[in-house]
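So that we are looking at the same thing, I have put the structure below in C-alpha cells.
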Amino acid sequence: MVRWLMQLAASRVRLGFVFTAFAFFAIAAPATAQDVALSNGNTAWIMTSTALVLFMTLPGLALFYGGLVRAKNVLSVLMHCTAIACLASVLWLIAVYSLAFGNGGPLGEWIGGLDKFFLSGVTVDSMSGDIPETVYFMFQMTFAIITPALIVGAYVERIRFSAVCLFSGAWLIVVYAPVCHWVWGGGWLAGKGVMDFAGGLVVHVTAGISALVVATMLGARHGFPREISPPHSPGMVMTGAAMLWVGWFGFNAGSALAANGSAGMAMTVTHISAATASLTWMTIEWMRYGRPSLVGLVTGTIAGLATITPASGFVGPIGGFLLGISAGIVCFAMVQIVKYRLKIDDSLDVFAVHGVGGALGSLLVAFFADTAFGGRGLSDTVTMGSAFGVQLTAVIVIAAWSAIASFVLLKIIDAAVGLRVDGDQEVEGLDITAHGERGYDI
Amino acid sequence: MVRWLMQLAASRVRLGFVFTAFAFFAIAAPATAQDVALSNGNTAWIMTSTALVLFMTLPGLALFYGGLVRAKNVLSVLMHCTAIACLASVLWLIAVYSLAFGNGGPLGEWIGGLDKFFLSGVTVDSMSGDIPETVYFMFQMTFAIITPALIVGAYVERIRFSAVCLFSGAWLIVVYAPVCHWVWGGGWLAGKGVMDFAGGLVVHVTAGISALVVATMLGARHGFPREISPPHSPGMVMTGAAMLWVGWFGFNAGSALAANGSAGMAMTVTHISAATASLTWMTIEWMRYGRPSLVGLVTGTIAGLATITPASGFVGPIGGFLLGISAGIVCFAMVQIVKYRLKIDDSLDVFAVHGVGGALGSLLVAFFADTAFGGRGLSDTVTMGSAFGVQLTAVIVIAAWSAIASFVLLKIIDAAVGLRVDGDQEVEGLDITAHGERGYDI
Amino acid sequence: MVRWLMQLAASRVRLGFVFTAFAFFAIAAPATAQDVALSNGNTAWIMTSTALVLFMTLPGLALFYGGLVRAKNVLSVLMHCTAIACLASVLWLIAVYSLAFGNGGPLGEWIGGLDKFFLSGVTVDSMSGDIPETVYFMFQMTFAIITPALIVGAYVERIRFSAVCLFSGAWLIVVYAPVCHWVWGGGWLAGKGVMDFAGGLVVHVTAGISALVVATMLGARHGFPREISPPHSPGMVMTGAAMLWVGWFGFNAGSALAANGSAGMAMTVTHISAATASLTWMTIEWMRYGRPSLVGLVTGTIAGLATITPASGFVGPIGGFLLGISAGIVCFAMVQIVKYRLKIDDSLDVFAVHGVGGALGSLLVAFFADTAFGGRGLSDTVTMGSAFGVQLTAVIVIAAWSAIASFVLLKIIDAAVGLRVDGDQEVEGLDITAHGERGYDI
Amino acid sequence: MKLVIAIIKPFKLDEVRDALTKLGVEGMTVTEVKGFGRQKGQKEIYRGAEYNVVFVPKIKLEIAADDTLADRVVEAIQHAASTGQIGDGKIFVTDIVQAVRIRTGETGSDAL
Amino acid sequence: MKLVIAIIKPFKLDEVRDALTKLGVEGMTVTEVKGFGRQKGQKEIYRGAEYNVVFVPKIKLEIAADDTLADRVVEAIQHAASTGQIGDGKIFVTDIVQAVRIRTGETGSDAL
Amino acid sequence: MKLVIAIIKPFKLDEVRDALTKLGVEGMTVTEVKGFGRQKGQKEIYRGAEYNVVFVPKIKLEIAADDTLADRVVEAIQHAASTGQIGDGKIFVTDIVQAVRIRTGETGSDAL
C-alpha cells in the first residue's frame, strides 16, 4: 500500500502535481506513517542534496557576491550571507518550518500552523514520505537560507548590518513562509496545480522582486552608475558561481525527494540550461563588445540555473536547452534595462538575473512541460493555456505580495534603526567601519 | 537474523551505546558477515560522508587556518595541513587503523592489534555492518586526518616543518590510535558506555589538549601578544569555515553509519548548534565591541560544531540549540582566558575552541541526551548522574593521556631535530624560508 | 534474472571486463530494461559522483591551473575551463554521448551512432543498468568536461580564446568520442578486454598527448624557460588540488557505477595512491633542494591520482601504495625531461603529470591487478603478459590517434583563426586583452 | 618645476582628485602605502583580542607641477584632504630638475 | 647625483630593464602604482555595463645615478618605454644630496 | 628639510622603526616595492624548475626630517637595516622645499 502510494506520488510528478503530493505527505506523514518504509538510498541523496544546497550559500553565493563588490566591502558581503544563514536556520527551527509546512487548520490555504514550533513532535522516527522528516526539514531549510541571502546583492556596499539582520528575519516570516506554504505546503496555489519544481516562484521571484524594492528604497551607491568600480575579484566570482552550479544539482535534483529517474532528468536539464545560458551570454558579449568576459560567462550560468529551476522536474533536454537560450538573452537585456532605463542600483542584478529568470522559467514551463516540446507531459486535465494561466497568476500574486511586504518591512526598519550607513562610512567601506576588519592584508 | 541484528544496533543508538555496537561489528563483521546484506543506500551515504570529511581538511581547515595567519606564513599552514593528511593516510593504512579497530587480543581493552596491518585480509567483499569494510576504513581515516591537522593552529608561524611531520605521525600512533580504540574500537571506555557520537573526545579533546601542550613548549610567537598582526585574509577564513560546516554534515550525520533517521537528526542538531553558536558569538562581540566581525561569527560556527559533535547522536533540536548557546559563551570566554590570563600563544585557539568545545559537549550530553531535555533518551541502566560520571572520567583520562604523551613526544623531537625555526626565519616568514615560495605574487 | 545479470556484472568487475559489460548495458539496457529495478542507493551515489566530478573542473581544476600562471593571466585560465565545460556539455547532449555510447551499427567497433542525438528516446524511465540513463549520461558527461579542460595547462598565457573554443569542441568529437567508444562504449579495445577503470586511457593519455602536441605547435611562452615567473598563487593551486582530490572519489569510486565494495576499494586505493605520491614528490624535493614546496606536494597528489585512475577498480591497497610511489618518481622525472631536455613549454606539465601518469597506471595495472600483487585478480583467460600486451597496444594506439588528430585540428584552426595572440597581448596578459578584466583589484 | 608628494587618507582620494582636476592638473600618480605617525593605528579586534595595527593604510599622491601651480596644488590638497582628525597626512614638495613625456620626448612644462 | 623617477606602462618593464642594464645601471627600485592622466582609463565592461576605470595600472621606476649617467638613463627609458600611444608615462629627475649603501656604509657614487 | 628614502629588507622593518622611534622620529611612510640590484633575486623552485625571480621584495621607507635630524636618521637606518649581506639596500636623501600637515595647515618643521 505504501509502495503504491509512493508510486502514485512518483507518477504524479509527471502530472505536475508533485509538490501538492509531497506537501500532503509532509503534513500527513508524521502522524500516520510509522509504517512507511524508509529508503536509505533516497535518504542518502536528500542528505547529500542538503549539504550541496548549504554549500551554495556557504561559501558559494557569498564568494559570488563578494567578488563582485569592491575590495573594501568584500567582508561585509560574506558577513551578510553567513549571518543570514545562521539567522534563517534558527528561525526555521523556531517557527518558519511550521508556518510553511505545518498544519494551518482553517487558515490552511494561506499559512501553516505553529504545531511544529521547535520541531515539536518530530522524532528520529518521524517520516516525510520515505525519508526521515528531519531530513526533509533540513533540505527545505537550505532553501530558506539561500532565498534571503540572494537579496544581499541588491543592497551591498551601503546598508547597515542591523538592517540586514532585521529585514532578513522578518522577511522570512512575512514573505517566505506564506509563499512557500502556498506553493509547496498545500496552500491555495498548490491546489490550483501550480508548477514550481525547485523554487522559481518560492525562491527566485520572491527574492528578485524584494531585491528591486530594497534597492529602490535604499537608493543607489555613491557614484552610481558612472563611477562604480568594477568587480574586485572576478576569480572569486567564478569560484562562487562554480560552487552554485555544483550545489544546484542538490537544489533541483534533490527536489525530486528521491534518487530516481525524475531526479536524474532534473539534473540533466538543469545542467544543460546552465551551460547553454552561459554560452549564450558569452556570445552576446563577444558580438557586442568584442571580448567575452569571465564575469559575463558565469552570470549566464546563474541566469540559466535560476530559469530552469521551476521547470526542472517537468521539461526534457530540449526544454532545458531552449530555456537556457532564453535565460541568456532575456536576463542580459534586463540587466541593462534595470541599470540604465530604470536607473535602479540593484547592485549585483538580483532582480534581472534571479527575479526575471525565475519568472521566465515559471511561465515557460507551461509550454515546455508539454510532450510537444519534449517535456515530461502536462496533467490530463490541463492545457498549455490553462497551465499558463495558473503560472501567470502565481507570478503576479507572489510578486505583488513580495513587493508590498518588503516595502512595509523596510519602512518599519528604516524608522527603527535606519537602512543606510552614513556617507563617510560608505566611502571608507563597510569592512572596516561596520566589522572592524580589512579584506586583504598581503 | 542479520536484519534483526541491524535493527538491534539501530535501536541501541537511542540507548547511547551505538559505538560499542558498531565497534563490535567493525571487529567481528569481516570474519563472519559474508551473509550481511550490503545496503547500497547506506554505502552511498558513508562514501559521500567520507568525501565531505576529507573536504573539511582539504581545503576547509587549511583555508580556515591559512587565512588567520600573516601573509608570509599562509603557504606553510596549507603545507602543514596537506602533508599531515598524506602522512596520516599512509600511517592509517599501515598500522593505525589496525591499532584502533583491530583485534587487540588480551590487550583489547587498551589497544587493537596489528592483524589489519596494510589492510591485510580485507577484500572487496569484507563487510563492516551493512557497508563494505573499505568504506568504514576510509570514513574513519578522514577523522584520523583532521585530528592532527587541528593541532596545526597551535604552532603556526614558528615551527620547523620536520617537527610537524614527526610529531603528527608519532601522535597518531601514540595518542589517536589508543583513544580511538578506547571509545570506538571496543576498548575500556566503550565498555563503560561512554557517549561520543562523532568525536568530541576522540577528535576535539585529544587535539585541543595536545595543542595547549605544544603551544606551551614551543613558546609564543615573536611579539606575542601585543604585536601580532591580525588575520591576513578573513575572507579565506570564512571560506574555510563554510567548508568545515558543510563537511561536518558528513562528520556527524555520517557517524550514524547509515542514511536513516538517526543520521537526519544528527544533521539537524549539528546545524542548529552551529547556527546558534555563531549568532551567540556575534552578539557578544556586538555588545562588547560595537562591531560584530566576520572572523568572530565563523569562530562561533566552529565552536558550535565542535561542541555538538559528541552529542549529535543523542540530543534533540532543543539540546542542539542550548549546546550552541553554551558553545558561543564558553568558548568566547576561554579564548580570552588562554591568551590573556594563561598567556599561552595557542595561536589559532585550538584549545579554547576545539578542546573546550569538545569537552563541554562531552559533559553536557549526559543531560541533554535525556528525554527531559528533548534528547533521544539515555539507556535504561544509567541516570544523568551516572552518565555524567562516565563522561567526566573519559574527559579527564583522555586529556591526561593526550597531555603526557604529547609532552614526551615533543621532548624527543626537540632533542632530535628542534621544534622551532630560528628568529630570522620566523621574522622573514616560513613560506619563503621553509618552502621557498611566496603566497601572493599579484 | 535482472539481479542475476547485475551480479554477473559485479563479478566480472573482478575479471577486468567491467567496462565491456557496462558498455553492453549502456547500449542494450534502454531498449529492453524496463524491468530492471532501479537502485536508489546506487543512483544516489552516481548522482553524488556526478556532482563531485563536475566540482573537479569547476572550480577545482580551474583554480589549480589558475594559481600556477601569472596574475595577469589568471582569469583567462578560469575562462578557458568554464567555457570548455559549457561547450562540452552542449556537445555531449547534441552528439558526443551518442557517438561514444550509442549504437554504431556496422561501425560499432570504431564509433557509436547518432541514435541518441539530443538524448532522443531517453525518458525519465530509461535505465542504464540499475541507474537511470540520464544519470549515466550526466556522470559520463563530467568526464567529457574535464578531459579537454586538462589540456588547458599546455597552452595557457598565449593562446587565442577563439582557438580554445574551436579546438576543444572539435577535439571532443574527433578524439574523445571515438576513444571513449573503443574503451567504454563496446568498441574494439573493450572487446580485447582492455582495463581502464576510470579513464587512464580515455582521459589522461588522450589529454596528455594532445597537450604535448599543442604545446609544441603553439611554441613556448615569451621568455621560456629562464624568465617565466613562478606561480602567482600557490594557495590557489593547493585549493584546486584539494578539490580535485575530493572530487576524484566520484571519478574513481563512481566508476563502479554502484555504491558497493568495488566502489569502496576503488576509493581506498585512489586515496592511498594520492597520499603516497604526494609524500614521494615531497621527499624528492626535500632531498634535492632542501625545501619541500606546497606546489610540489600537491603536484604529487595529482600525479598519484592520475596514475591510479585506470587501475582503481583492479588493484588492492598494496597496488595503490606502489602505484603512488611510482607516480611520484616517474612524473617528477618527466617534468624535468619535458621542460629541459625536450624544451617543450607544456606550461603546466599536462603531459608529464597526466599523460605519463595515466599511461604508467594503464601499463602497471597488468601486474598490480594480479592477486600476486594483492590485486583483485586478472581474468582466468589472461596472464600478466597478455594483459600487458593489450594495455600497451591501447596506450600506443590511443596516443597515436590523439597526436595525429590534434595535429590536424590545430593546423586547420591555425589557418582559420590563428592559434596565438600577438606579442604585445601576451606581455600585457590575456585577462585584460582578451577578456577586458583584471584579476585583482585590491 | 615641483614634485608635490601628498600622503592622504584613502577615502579622501576622490575628493582630492576632483579638487586637482578643477585646478587644471591633468595627471597624477597614486601609490598605496602604509603610514606610521601620531595616529597610532586602528585597533582591530579578532576573537576578542586587540591587535595594534601599527601601520595605517594611506594613499600617496605624486603630482608634478609648474612652480606657479605647485602652491595651489598644495593648498587644494590641504583643503580637500583635511578632516581635522589626526592622521590626515602630510604634503612634501621637492624640486624637479627635468621632466620628460615618454610618448613624445617633450621636456619641461610641456611634458606634464 | 640624481634620482630618476619614471612612470611607465607595466608591459614595458622588461624592455626598460634590459635597456638600463646595457647602460651599466646596476640597480633600480620598482613600485606598482596607479596613474591618472590623459589616458582616460580603460573602459571595462561587466555584465554589459561600462565602468570607467579612472586609474590605470602603471609601474614606477626609481633609479639613482651619477649626474653623467642620469641623462643617458632618461634617454634610454624614453626610448624603451615609448609606444607612441597616449599613456606612455613620464620621467622626472630630482637631485640626491646623499646616497648610502646600507651593507657597507659606502656613500656617494660608490653606494650605487 | 630632507626626505630620507631607504630601501631595506622587509624583515628589517621592525628594527628600523624601533631605531627611528628612539631618535624621536614621529612619522614615516612605508611602501612595498621590488628591488633589482646586485642581489640577483632568489631562485625559487617549482616542480623542480628554477625560476629566476629578478625582482626581490623590498620595503621603501620615506621619512621627512629636519636637516639636523636627517643625518642621524640615515645613520640609524644604516645600522639597524644592515645584515652585511648583499641586498641590504640603499639610502637616498633629497631636499624638501616645503612640508605641510594636512590636518592643521602647519608648515615647515612643525608639520612633521
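Labels A, B, C, D, E and F are assigned to the chains in the order they are written; within every chain, residues are numbered from 1.
Note that contacts are C-beta pairs under 8 Å (C-beta built on N, C-alpha and C of every residue); 3 or more make two chains touch, one makes a residue touch a chain.
From a predicted model like this one, the values you see are computed outputs, not experimental measurements.
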- Smallest count of steps, each to a touching chain, taking chain A to chain F: 2
- Chains touching both chain B and chain C, listed by label: A, F
- Item | Interface composition of copies chain A and chain B: same or different, split at half | different
- Query: When B-D is set beside A-D, which has more C-beta pairs in contact?
  - Reply: B-D
- CA centre of chain C versus CA centre of chain E: separation in Å? 46
- Here the gap between chain C and chain D, centre to centre from mean Cα coordinates and rounded to Å, is 53
- Centroid spacing, where centroids are CA-atom means, of chain D and chain F in whole angstrom: 18
- Message: At least two partner chains per residue is the criterion; list those residues in chain D.
- Response: 31, 44-46, 54, 94-95
- Residues of chain B touching at least two other chains: 39-42, 44-45, 48, 227, 229-231, 289, 291, 293, 295, 436-440, 442
- Note on the structure: Listing every touching pair of chains gives A-B, A-C, A-D, A-E, B-C, B-D, B-F, C-E, C-F, D-E, D-F, E-F
- Item | Contacting residues of chain A [partner chain E, same complex] | 225-231, 285, 288-289, 291, 293, 295-296, 299, 332, 335-336, 339-340, 349
- Note on the structure: Within their complex, chain A touches chain D through residues 227, 424, 427-429, 432, 436-438
- Which of the residues in chain B come into contact with chain C in the complex? 38-45, 47-48, 50-51, 54-55, 58-59, 62-63, 66, 74-75, 78-79, 82-83, 85-87, 89-90, 93, 118-119, 122-127, 131-135, 137-138, 141, 161, 236, 434-442
- Message: Help me check something: in the complex, which residues belonging to chain F touch chain D?
- Response: 3, 17, 26-31, 64, 94-103, 105, 111-112
- Residue ranges of chain F in contact with chain C within the complex: 44-49, 51-54
